[in-house]
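The following pair of complexes shares a single chain, subunit A, combined with subunit B in the former and subunit C in the latter.
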Partner chain A sequence: MALEVPSNIPREPLLRFLVALADDELVLGHRDSEWTGHAPILEEDIAFSNIAQDEIGHSLVWYTMNEQLGGKSPDWMGFERNWKHFTSCHFVAHPKGDFAYTVIRQYLFDVGEQVRLNSLCSSSFVPVKEAAEKILQEEGYHIMHSRSLVERLGNATNESHTRMQAAVDLAFPQALGMFEELAGENELVKAGVFSGNELLQQLWVESVVPVLTAASLKLPVDTKNGTMTVHAKADEGGRKGWQKEHLKQLVEDLQTVYKLSPGGSW
Partner chain B sequence: MMDTQWETYEVFHQTKRGDPHVHVGAVHAPDPHMALQMARDQFARRLKCSSIWVVRSKDVARTDYQDETFFAQATDKSYRDPKAFEAPDKGEH
Partner chain C sequence: MVGVEIQKPTLESAWEALSRIADPEIPVLSLVELNIIREVRIVEMRVTVEMTPTFLGCPALEYMKKEIKDKLLGLGFDEVTVELKLSPPWSTDMLTEEVREKLRVFGIAPPEKRMATLAEALQKPVACPYCRSMETRLDSPFGPTLCKQIFYCEQCKQSFERFKTL
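And then the complex of A and B:
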């Protein structure tokens, strides 16, 4: 089913926007799946495998829309594309590391996804609006789960607190990379497709700071007269395709089976 | 060695409103709220589900398998069974 782009919406920035969304979801979904069989407890092993499948499912929604608008197929995007052409942020490709890092990353990403989807629920491009409404239903549970872990591990023992703080110190500047400006973004904002990364980042900061603070975790954020200011350098470049070796390794893993028999199906 | 395992919670699953909650297994969790989330992932992801209960396993009072006298039925009680009352096939009402 082909989709038409209304004349007031610029096509190239729209496709770039959809692929960036999809790439983040696919790459993080793959990282989450690396816990399958390795999580510190069986129940979390299953929970993260479940979340991994959900994130990859979300990537399929956006890749499919990209295809309907004239882009390449979802399989091509995931299995044949060169890693240097992914536009995911560096944050999602970072190796899974300590479980504390995975928990913090998942929480920061889930809230990022939530503020983005909330904004897309009033998108002027109806297929995006409808997809966002659908995905948002699943995202509520993801946030509940990652937030519950953050709240408990931040305040549990000295060891859990120390590991969570180290995870926040590493993850927070990386997470800001989720909101790197996309080429042509202003045109999309003008056409009402979404509300722009600068605003989304502000909403995200206002959401995550109170939760992390209540979990006794310190952040490079100042609050003055109700306005929060971030003092950290965002880890950007992913949206421009400046990717790191971490992504290369991940994409090689992701494409191994497919490349044994290109075009094969099961 | 200190026991580092979380407590277990028994999980009861209800397919649709009005049905009984049926015991389906147990999960490890640090508290009841997390136990509900764990139970959702283990038991409500593929099964249709309208409600879940979790109960801390150690809060369940239970009989002892060794104590056979608890369920003993020594004397003939067949007169208590419904089969002791024979209803005619075509009774008049």
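And then the complex of A and C:
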């Protein structure tokens, strides 16, 4: 089922935008799946296995749209593409590490996704708008979960607090990389496809600061006269395809089975 | 069988066939009862089925597509196309009372109706599908499949699944 791009929307930036969305979901979904069988408690094992499945399902929606607009197939994008051509942010590829890091990363990502999807619900490109509405419905369960873990672990014991703070210190600059500007982004904003990464980042900061603060976690953000200013250097480059070793290892892992038997089916 | 005319498939027979395909994870419900079949269109001997996913990452989707194709080809159509439609998003509010009761009998607590926020809907007490006690608690916000959560009944001391409100 082919889709047409309306004449006022630039095609290449639109495809880049969709692939970046899909790549973030696929890569984080894979990281989340690494907790299957290894999470500290059974409920979290189930939760992260479910979240992984959801995120990978969401990546499929964006990859499929990319294909319907003339891009490569979802399988090719996930299983055959060279890791150097992924445009996910560095944040999602970082190794899962401590469970505290996983919790903080998931929460920061979930809020990032929420502000992005909210903005996409009024996208001028109808297929994007419809997909965003559907995905947002499912994401409600993710954010409730990650937020409640942040609130509980931030304020629980000295150990949990210390580990959560260390996770925030590592994850926050990385998370800013979710909002790295995409090539051609201005044209998409002008065409009403989405509201632009600068605005999304601002909305994201305004959402995460009160929750993390209530969880006694400190962030490199100043608030003056109601305006929040970030004092951290964003870990960027992923959207330009400047990927790190972490992603290389992840993609090798992700593609192992497929490459053992290309074109095979269950 | 000389002299027996093979019946041409119709819109009615297509819907009837779809109403006999069970959800692989909740076999007491058919795809039609789940309300995921949006439209069936026939042009000559080609049929197109518009389907909407419950959860986007649901692994049963591919299986359902294959079942639809197999069943409709079996009716005699030359070509079967399954199109996925995301809008309007599928919602558990589309499940009828009859379907909710089938879920309960199967041992799955039916979903709460949607409220202003998801959190509000999830705060509503949940009745145990086995003994109907309201003395239940959420054990895990996620469950064995994407569409379910795990609860525990303090009254009959059993775990049970609850369909997520979507």
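Everything that follows uses one rule, which is that the second predicted complex is superposed on the first by the 266 of 266 C-alpha atoms of A that agree within 3 Å, B and C clash if a C-alpha of one lies under 4 Å from a C-alpha of the other, contacts with A are read in each partner's own complex, and residues count from 1 in each chain.
We adopt the following convention: a residue touches a chain if its C-beta (ideal position, glycine included) is under 8 Å from a C-beta of that chain, and two chains touch if they have at least 3 such contacts.
If you're wondering where the values come from, they're calculated on a predicted model, not measured in any experiment.
Novice: Quick one: is A:Arg152 in contact with subunit B, with subunit C, with both, or with neither? Answer first, second, both or neither.
Specialist: first
Novice: Tell me which partner A:Glu130 touches in the superposition: subunit B (first), subunit C (second), both or neither.
Specialist: In the superposed model, A:Glu130 contacts subunit C only, not subunit B.
Novice: Have a look at where A:Gly140 lands relative to subunit B and subunit C in the superposition and call it first, second, both or neither.
Specialist: Touch status of A:Gly140: second partner only.
Novice: Applying the touch criterion given at the start, work out whether A:Leu60 contacts subunit B, subunit C, both or neither, answering first, second, both or neither.
Specialist: A:Leu60 sits against subunit C, while subunit B stays out of touch.
Novice: Classify the contacts of A:Glu43 with the two partner chains as first (subunit B alone), second (subunit C alone), both, or neither.
Specialist: In the superposed model, A:Glu43 contacts both subunit B and subunit C.
Novice: Mind sorting out which residues of subunit A both subunit B and subunit C touch, each in its own complex?
Specialist: Common to the two interfaces on subunit A: residues 42-43, 46-47, 50, 141, 144-145.
Novice: Which residues of subunit C touch subunit A in their complex?
Specialist: 53, 55-59, 83, 86-91, 118-119, 122, 139-144, 146, 150, 164, 166
Novice: Which residues, counting only subunit A, touch subunit B once they are in their complex?
Specialist: For this pair, the touching residues of subunit A are 41-43, 46-47, 50, 141, 144-145, 148, 152.
Novice: Would you pull the subunit A residues touching subunit C in the complex into a rising list?
Specialist: 1, 42-43, 46-47, 49-51, 53-58, 60-61, 130-131, 133-135, 137-138, 140-141, 144-145
Novice: In the complex formed with subunit A, which residues of subunit B make contact?
Specialist: Of all residues in subunit B, those touching subunit A are 6, 27-31, 33-34, 37-38, 40-42, 45.
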